[in-house]
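Below are two complexes that have subunit A in common, paired first with subunit B and then with subunit C.
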Partner chain A sequence: MTEDKLQIFIDGVVRYFEHTADNDMRVGTPYLASNADPISMDYTGIIGISGNNKGCVYFTAPKIMLKHLMMSLGEPDTSEANMIDLVGEVANTISGNARRELGKDFMISVPVVVSGAPSKIHLPSEMRSYVVPAVWRSYSAAVVICLQA
Partner chain B sequence: MLKLMVVDDSNIIRSKICRAHNADKFEIVATATDGAEAIAFFEMHHPQVVTMDLTMPNIDGIECIARLAAINPEVLILVVSALSDQATGIEALEKGASGFLLKPFSENDLRAALDELTEHLND
Partner chain C sequence: MKLDYGKYRGIIVSIALFLLLDASVMSLNFYISYEISEDAVGVNIAGRQRMLSQRMMKSLLDMRSVLVASESEGADITSVLNSALKELDATVNMFHATLIAFDEGGLAPGAEGGEVLLKPAGSGASVAALHEAKQIWAPFYKQLNALQKTNLTAESQIFLAQLNTAVAYGREYNLTLLKLMNQLTGELENVASSKASRLRWIQTAGISLAIINFFIIMFHFLRQLRDSDRHIEVARGETQEILDTVNEGLFLIDKEQRIGEQCSKALADMFGRRDIAGKSFNDLLSGIVSEKDRATATSYIGLLFDLRKKQKLIGDLNPLRQVEIYIPQADGSYVNKYLSFSFSRVMSEGNIIHILVTVVDVSKQVLLAGELDVARAQGQEQLALLSTVLQADSDMLNMFLKNSVSSFAKINEILKHQAKSVPQYIDKANQIFALVHNYKGEASALNLGRFSSQAHEFEEQIIALKNRSELTGNDFLGLAVILNKLIAETESIQDLLSKVASFRSNTKTSVATLAANNGDYLSFSHLQMLATKISERQGKEVEVVCTGFNDVALGDEAQSTLNGLAVQLVRNAVSHGIETCSSRILAGKRPQGEINLRIAKRNNGDLQLVCEDDGSGLNREAILRAALERGLISGEEDLEGDDRRLAELIFHPDFSTRDAADEDAGRGMGLFALRQTVREMGGKIAINSRNGRGARFVVSIPVTALQMNVAV
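Take a look at the complex of A and B:
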């Protein structure tokens, strides 16, 4: 994956958090990680990618961050069901926004949300993923991009 | 009052639109979680304005826009989606949508988009 393509997703993360009441987002230095041990926090929203690119993009975050993010978005119902919904919606928004640069053939699925165990995230073992760390307020989350160009 | 239907598979987004719309101008008559539900509710409640997500299970937003426009060509459909490529926007307009609001959006963005969509109805 090129640096330009990675930047598209970094911009997507920043754009998403710009729309929260606490626009205090810092993006860390992206790094490559082995798919044998995918990074995973309390909830993970996964978007399957098909078309010109194949793979997935996912957003993973701790429960407490999602709860505060919902409050920041003005959502009064911070139930677990809404946390699951939100983590999927963040992944969907970041992936969907990438189509501005990547075009219509960057085809995205509806979100699939998993909780907890990294074993539930299956990534192609022969590939590595880019991890984009994201710190919002004091909470750490990550966007992971695993794409076959 | 204009009858408004909200279509999105995300509860967070449906809730945001229900909270943020101008309640002096719109009455929410239905909320739907996918395209199939939207078509059923459309025939039941006859909304004049619809906010429409595109990436949804069962019947997706593009197909749903075409079906709603076939039932009532006068319906005003505001696409509310993260899909930011030009081709998708054009396709939605060709199928019968009247406006496009990109996610993520603020409550002011939504109100402005709905006002612009329905501006001519004030005349």
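Take a look at the complex of A and C:
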């Protein structure tokens, strides 16, 4: 997995946060995490990927961040359903960006939102994932990229 | 389309018969009706003969009574008689002409004036009646003609005699003649009536036959139609079954490049839509293949419809032989597939009427081929790795791998720890650099060129990062990628070695045995190798003399740590301490430099690692100059006699006396990395230097740190 390709997924999240009022999303230093112990927060939006590279990319965020994010986007209803929608939207933005940039080599699925970590199907335990922290205000979410070479 | 006459022969013959029958009935009807109308004229004229015979008789009787009356009264009756004669003449002539016409055929005076053509009477009874009438009429006609010719004034007596004769003949035969004319009329009526009756029969028979024919046509052809429909239905059912079952997408394209009405079911799944039949092929491809491919496909199909182009020759031009398509989904996402289109001409009577298109979903094959390529590349990669590591000393290699894993984990932890400011990011980069540099040193010492060059690349990235004016977390992505690559390769080697070890499980030198070894003594011969390698590159000769290495029993981790430190010290001594052979000779020294490396356990339990070389010692001027150039000190700063400050400079991550970096030195990070490791263990470094005589680095590590490492 090349840096350029990983960057496309990070850009997807950055792109989403461009819609927020303060546009103050910072990308933290990316690091590696074993899939045996995946990084996950309250809600996780997963996009499955196959084609030249297989695996998944997911956006995981804590409830509190999603709540504040929704308020910043002018959405007063911070119900769970809306939080799930929001995570799905972020995942969709990542997916859209990736599809636009990588369409030829990638098959990208429709985003699925789950509570907690993605299943083993998405994250083969013998692999590592790239974890890219996405810090917004004082909250930290993450884009996790787990793709076979 | 050519009509198949054989198939429709039955219906054609039946319809022809029907028409023939109708035409025959119609012509007979026409003919007989005509005859009947002629006969009606005949009947009418015959009826008139009856009236004429009576009128003649009445005229004769009238004339005679006029004559008789005139004789007694003496009145002039000439004009009255003349007029009576004239009427008689007209009546006689009409009767005569009509009788002749009935007998021989010919013209007779008509009822409405003019003339009508009569045919000679055909039936026996009428012929007989006419014959008899003619016999009676002939003498009567003579008598009446004679009456006409007699001069009434001059020969009145003769006229009267002739009139009496005629009256007498008339009285005798009048009734017979009337009867005969009645017979003729009746006979003619019978003939006409029989013809009318025949006409009715013919019409009835004709219409009956036509109805029968109609029913035959209807039943026969209804049955045939039903059979034919059933066959068509069966055939269509079979076609549909084939189209529903076949895995390929099948359809026809016409000259206007429109898709036919029948398509295989698989197409719907392939293209994710059901409205394919009747659509234009161009529309089907729209939005799912690139515009270029779509345009090429359209012109390619145009070529296929051109009979002059050989299909075999243009087969290679097929732009859709293997094409990736993106099918839009309801939620706005896409599904990618690889489809293979093939095109065949459908010929009929030497013309291309359609193009049969076969579509196969080859996604699995394409992806499998891709996976095979990856597997092949991985295999080659592993082979290259194996050839790299097999030349290394297995003990040291094992230690190196363990060290690597631990270094990588540390690097990852540093990455994971989030920074908030640029200085924090720089610090992070420096910490990572120190670890990578150690790793590079160890790789280089074991002659693992592949790893040392990867580590070098890693270092390059960190330096590039440090040189950026702005620094964000995202900039560290490249480091994470290269780290992942190093981890993967290290894991790959460990995997390979454990496989190799499983074949050599009983040999003493096996990796598996070594891995389980704890507290063994290690050979540090690789340090000489490292020194030789570096010195050769720099035109130097060095001997590394190790002492005390076998006097202290150490755990794996302690050995690793010690090895890492020794490697850095030797690298530093060779690169920065020992002079080139020529310089040494000029300085009156032996051309071969010497590095003494000692390990000793001190009374307080600390482990002491001493690295002493007989090189040029620390060059105060060169250090200050380099520090000034790199902005680490200001021009005004006076460091004369401040050895502590000088030591700080050489341990600074941005310090180097070299202008350019290479695999051995030049970034000034070697000593920084050394200090980082020592600091982490709570140890300290002391430096002694004598200008032109050499330098001595003394590294002391507290026993607690080593015990901890042993425990780990």
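As a convention for this text, the second predicted complex is superposed on the first by the 139 of 149 C-alpha atoms of A that agree within 3 Å, B and C clash if a C-alpha of one lies under 4 Å from a C-alpha of the other, contacts with A are read in each partner's own complex, and residues count from 1 in each chain.
What we mean here is this: contacts are C-beta pairs under 8 Å (C-beta built on N, C-alpha and C of every residue); 3 or more make two chains touch, one makes a residue touch a chain.
On a predicted model such as this, the values are computed, not experimentally measured, just so you know.
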item: Touched partner set for A:Met1, first subunit B, second subunit C, both or neither; value: second
item: Subunit B versus subunit C as contact partner of A:Arg99, first or second or both or neither; value: both
item: Touched partner set for A:Tyr43, first subunit B, second subunit C, both or neither; value: neither
item: Touching partner for A:Phe9 - first (subunit B), second (subunit C), both, neither; value: neither
item: Which superposed partner A:Thr29 touches (first subunit B, second subunit C, both, neither); value: second
item: Subunit B versus subunit C as contact partner of A:Arg128, first or second or both or neither; value: second
item: Touched partner set for A:Ile108, first subunit B, second subunit C, both or neither; value: both
item: Overlap of the subunit B and subunit C footprints on subunit A, listed as residue numbers; value: 92, 95-96, 99, 103-104, 106, 108-110
item: Touch list for subunit C against partner subunit A, complex; value: 324, 326, 329, 331-336, 367, 370, 374, 412, 415-416, 418-419, 425, 428, 472-474, 476-478, 480-481, 483-484, 487
item: Contacting residues of subunit A [partner subunit B, same complex]; value: 15-16, 18-19, 70, 73-75, 77, 81-82, 85-86, 88-89, 92-100, 102-104, 106, 108-110
item: Complex contact set, residues of subunit B against subunit A; value: 9-13, 15-16, 19, 55-57, 81-85, 87-88, 102-107
item: Touch list for subunit A against partner subunit C, complex; value: 1-3, 6-7, 10, 26-32, 50-52, 92, 95-96, 99, 103-104, 106-110, 128, 130-133, 135, 140, 148-149
